[in-house]
Amino acid sequence: MSEELLTESRQTTAEPLVEVNGLKTYYDTGGMLGSQPVKAVDGVDFSIARGETLGLVGESGCGKTTLGRTLVQLETATDGEVLFDGRDVTTLSGSELKKWRRNAQIVFQDPESSLNSRMTVGEIIREPLDVHGWPNFTVAVDDPQDRSVSLSGDGTLTDDDQADITVAVGDDDQTVAVREGIPMDESAVKVSTTERGSSVTVSLSVGVSKSRLRRARVRELLKTVGLQEEHYYRYPHQFSGGQRQRVGIARSLALEPEFVVLDEPVSALDVSVQAKVLNLLEDLQEQFGLTYLFIAHDLSVVRHICDRVAVMYLGHIMEIGETEELFQNPKNPYTYSLLSAIPDPDPETTRERVTLRGTPPSPRNPPSGCPFSTRCPVKIRPTEYRDIDEQTWEGIELLGDILRNREQQSVGVRERAKRLLGLETGFDDIVDVVEEVFMPETVETEQSAAERSMADDERLEAALSDVPATVKTHIETAVELIEAGDESQAHQLLTDEFGSVCEHESPEHHPVSDTGRASYCHRHRSEYDEPEPVFDSHLDHD
Amino acid sequence: MSMHSHSPASVDRTDDALLTVENLQTSFFTDKETIRAVDSISFEIDRGETVGIVGESGSGKSVTARSIMGLIDAPGRVVGGSVRFNDAETVERLARQYPDRTIDVDELRTEHDVADCIEQLLEQGVSPAKLTDGEQDRSDVDPVELAREDIVTMRDLVERRFTDELGITEKSAFVVRDTDGGYVDATHASEDAFRKLRGRGISMIFQDPLTSLNPVYTVGNQIKEAIRLHQGLQGTEAHEEAIRLLEAVSIPDAHRRVDEYPHEFSGGMRQRAVIAMALACKPELLICDEPTTALDVTIQAQILELLMEIQDDRDLAIMFITHDMGVIAEIADQVNVMYAGELVEKAPVGALFDAPKHPYTQGLLESIPGRHPEEDRLRTIEGDVPTPNEQPTYCRFAPRCPEAFDACEVVHPENVGVGDAEHTAACLLYPEELPTDEALEQHRSLGATDGGDQR
Amino acid sequence: MSETATTELPFRERLRENPRPALLWVGVLGVLLALEIGAITSVAVTVVSGLAGAVASAAAAVLGGPVVPSIGGAIDGALTSAAHVADGLPSLLSRDVIPNQGYQTPDGTWHGTFLGLEPKYAWLLRLVLVYAYMFAFLWWCWRGYRVYVRHYRFADWTPRDDMVDRLRTHRWGQFGFVVVLLFVGMALFAPAISPTSADQNIYHTSQYDVQYYDADTESVETIAVLDANLDSASRGAGTTNIGPWQYDQYDRFHPFGTMSNPGQDLFTFMAYGARISLAIGLIAIGVSVVLAGGFSMLTAYYKGLVDLSVVFVSDSIQSLPGILLLLLVVAVFQSHWLWEIYNGGLLLALAFGVVYWPGLWRAVRGPALQVAEQEWVDAAKSYGQRSVTTMRKHMLPYLLSYLLIYGSMSLGGVIIGIAGLSFLGLGIDPPTPEWGRAINTGQDYVTTPAWHISLIPGILIVIVVTGFNALGDGIRDAMDPESEGEDAGAGATASGGGA
């Protein structure tokens, strides 16, 4: 199928296969009473069209894997719904759930750990078939006279047009058709009918044992993923990483699913092997009309294989839209920074790079407001501080970060004892910090002896000498609070004074293009500047 | 936040490289087979330069680093070649500590005549080609002439360990002093000498920072330990130095963080702490073994930036191992491409990405998604990386090579210049300007001299 | 489709098509069995009567009333007659066929022994023949498996073939296998391999006589075994010490020497004791392995509350002194029908199992948690595998090795532990032979010439524990497809070094 055709078929069958609404997955990590749950997925909405590949990217800990696992019901959703073909699967259980699982499969990241090394490759791929009693021999009976039909012998009657065996009842004989996915010849099925008035009984016997069909199916799958039939009896450790990943893919395809979650399927592979596996995945999608959720942290891979991309950060989808468009013209500040961080395998590009400060906050204690507000380079500033210089602003941000971090670190017993005994006061500590954040150049070089001999308040004065008076008073108040041992109050003060809508309100998904791209950022609101020009002006500054 | 643009600076290559690796060969011996994980590779690293080593898993890039550091464990062993670390201070320090195992080239020059030595060696059956490093392969070379023309000098004889064969130096000697600057021969160093070389002189950073940090000690304690060992500082001084180092690797709130345990650090912070530890030893050469592979891109960008800053500040030489072509493009000045234990291409970073010569390098670059956005399918390299378990009398890449021809099965390609002097590739297609027959002949003769009987 | 059209015949059909190899094998098996028919039936009768006794007493406990005794009586009667029949059946390798008890006249000839051999050699001959028979029998069973694989199995290869191949090249595991077989043989064939029978030498010593040549009276005299034993007991001091590989004054040969009081033959004691000690030890270990393995998988798979409760229970058990717990169990159940089975051996074994599992569980908990984290367990969940099957297929194979190794190491502790209980008047009552008691009684003589009383049982326990350990090692490696020769592993390290 050519690219053109693919797009076309996608458009004609644009009904969503998977629809996710307000999905939340929290972990209670077994802590004792009153511990905060980890908010791995914190309210996401999106849908995946039939036959489409949706990419899910983000840094480690952003919740992308948890989201993928929740979609195949390996994790239990805390809230929200996952509609699969219009049916909410988060509420399924027992045999319903088991039956549904045939439709949605997952390929894992680590080919070492996803295959049981004590089983042969054949046994591994065959296991899902055994679990579901494959093939179930669903039988559809096609009777031109529309009589009531009953079935005896092997198989169960179904109205589904996807039946394994279709029997067309004629006047004196019957024709049998076996679905393509089942490696069995029509001649293996013996059918006879008995008519009794307005009803007809079809008796059917299959001359091939199920276990033989399963073995044949496994051999077929091995060929499908580019391995050889004789690999049936090999063990996983006799294969290379790429081949092992192929086995994992074969296993996930065994039950003929419609939807496959690919959880970083090529991250553990070398680049040349990765290319082969990616090609295979594309071939399979075309061959079986699969719908993919492709989870990855490698953006170049995502750009190659995905139709649409969702960028996740701290349990939220920051931006979602058509791949090429999003890569070429990212709207969300996080997407912008993430794309700019990818090392380009072309040393000639002299691209402007945005290096983000720090690490993502813990999903146990996500920041209030926008999840990206603690690292955002283009955070909205309160009106009265719009004009202060970059260095001071960065100092304020850093100080806020440090206080935030300290709040989350429990203070050790030793530390507490030290403070009680007066061996270490919060004061000399905080002066160092203030020096560090407001005069980074001085700290990195050796501190002069003169400086070391200075009293703390003099040092504080010196550190803040370049800081505008409006800011200075607040910093000094904060320092006083820290001195008094009240770090959280100091943090609160800084947030109140220097915080903005980014810290105070959760953003919304704003549509940012006519192809339905959405971005989760306050800057798309009419009263603020769009992120892009702000980035540009920052980069010019540098 | 910092924003900057980076374009690699071209570094002037000088003769006295900080680290010279020559025909390094490391094998792993098992009952079944001998795996030649590193098979006779040579390269140099200059001060202030970043040399990248790229290759897929199993190409031997980590083994190269570990061989240089003397960290090869049984059943592996460095079986040949030399690793010469050329730092005056380190040479002096080790020469003081190991006077019995030091060779003074100046002394040798006064005591022995080079021409006599050459004659003796020729009598012992050393081939002229091997002796002259391929410059002359006639059988009737004149020792006096070789000595007079400086084709073979005393330094050469020492470097290639011929003096051991003559019995004028000890086999166990590994420190070489010379007026032109001595060196430490890492492949001959003893375990405790290695310990003195490691850290001070050469430091190494590994992929997983957690395995380099002991979980039961605070980060500060571990950095202080390194400071105490290598700088001799104690108590408050060491503590302050530790804080300064943490600040130098951009860990915020270092005063507080210094007393925290590794598990309280995030992945990127841990890698920073490991770098701080490495810096505590004031190394001249930093070997980074996939230091950013386990990190996210935004953190990777931070670490790469940090490494470049540190390099500028301290004129550090960096050997950077990775499988990620993007990272190499970003950080390296000079790139070595490894395949199945061999160095297949060596080039300045710009030349490598602009005009890769070796078919393997070409294939590797082609298979990166996004190189050909107009194509629907990714380009791939057929087949798998072979295990280098026998002496190569053929090209190891030939079975997968789209451009292989008959000779690839029988002639082992050697590194030959391709275009630019800095750019070499081990492929029979080169030198391009020569007709195939002559090119093959060149590879054959190079193969014969290039430590032919070591193999 | 690559499979041929030949339908898969059921096993019986394949047998009918080509019966020759099977018939040949069964024929030889029959001959082998016939040789020892008496011994085999008597072992079978012993086991069945033990079970029947248990069932009868259990029934009595449950049903009560007068009906039960009559049924019990009927069963007893049947069993007694069966035992008589068994005694009547011939066994080739028995004491009757190859006797080793006799006396030596001054001219040096032996009377009453097999072919007039010295008792030492007569006994050795019987011992060697018994073991030879046992190994031949096992080898024939193994051949039976090969015959099945070659002629009757449908698949030309199964993973078990690889397992067998790996075990066949595993020398340490084979050593363990042989050691374990030697001890199992010792227990099974105790009547045939000991120099004298338990009935004669241990239980009813006053009812049997021995003949010996008295040099003073220059005639063959007769003495009750009871008195003979008393005279030949090893007491450490003075003249009365019969060490290993010695004859006593009544011309009886003692391969391991004699015991202190009342001077039984130590080899006989050990051989019969193996029946009790090994059985209790293995059952106890089996029980704790099953409990520990089961709980570890449950806790690793479900975590959370299940984990917490098992931690609580196991900690409670471990916080009590083991011996106290055992005392408690024995005291409570002493009048229960469970106590009837195997002289209380089964109850003891169960009690030991309960005391030992928490330690074992602690040891395998870590590995269990680790394997539960593997993605293949998630994969099984993702296609809806049942949790019990997931645990059995995807977790148990990895835990079994730990269980086998730790379990075999606890075996020695259990055997000694039983002796400790006997010391307190619980456990296995004297005179029933049991290894731990031999060690206990010999303790006072360790520094005397009668050191053998304690030392030999001690060494045997060490050997049997080592044997089981080695066998466990072998089985572990056999089950792991990656252990095919160490070089494969080293190769992986080398080539993986470049990653």
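A, B and C are the chain letters, set down in written order, and residue numbers restart from 1 in every chain.
Going forward, a contact is a pair of C-beta atoms (placed from the backbone, for glycine too) under 8 Å apart; a residue touches a chain by one contact, two chains touch by 3 or more.
Model, not experiment: these values are computed from the prediction.
Of all chain pairs, the one linked by the most C-beta contacts is A-B.
Comparing mean CA positions across the assembly, the chain most remote from chain C is B. A straight line joining the Cα centres of chain A and chain B is 38 Å long. Chain centres here are Cα means. That of chain A falls 56 Å from that of chain C. Work out the mean CA point of chain B and of chain C, and you get 61 Å between them. For chain B, residues touching at least two other chains, in rising order: 56-57. Those residues of chain C in touch with two or more other chains do not exist in this structure. Interface of chain A with chain B (complex): residues 3, 59-60, 240-242, 270-276, 278-279, 282, 297, 299-301, 303-305, 337-338, 341-348, 350-359, 377, 394, 398, 401-402, 405-406, 409, 412, 415, 429, 432-433, 436-437, 443-444, 446, 538-539, 542.
The touching residues of chain C, counted against chain A in their complex, run 1-3, 7-8, 157, 159, 303-304, 374-376, 378-386, 389, 393-394, 397-398, 479-482, 492.
Within the complex, the chain B residues that touch chain A are 1-8, 56-57, 244, 247-248, 252-256, 259-260, 264, 266-269, 296-302, 304-305, 323-330, 349-350, 353-354, 363-365, 367-371, 376-381, 384-385.
Contact residues on chain A toward chain C in their complex (touch as defined above): 30, 69, 72, 74, 97-98, 101-102, 105-106, 108-110, 113-120, 123, 127-128, 131-132, 183-185, 207, 209, 212, 215-216, 219, 229, 233, 235, 237, 248, 251, 254-255.
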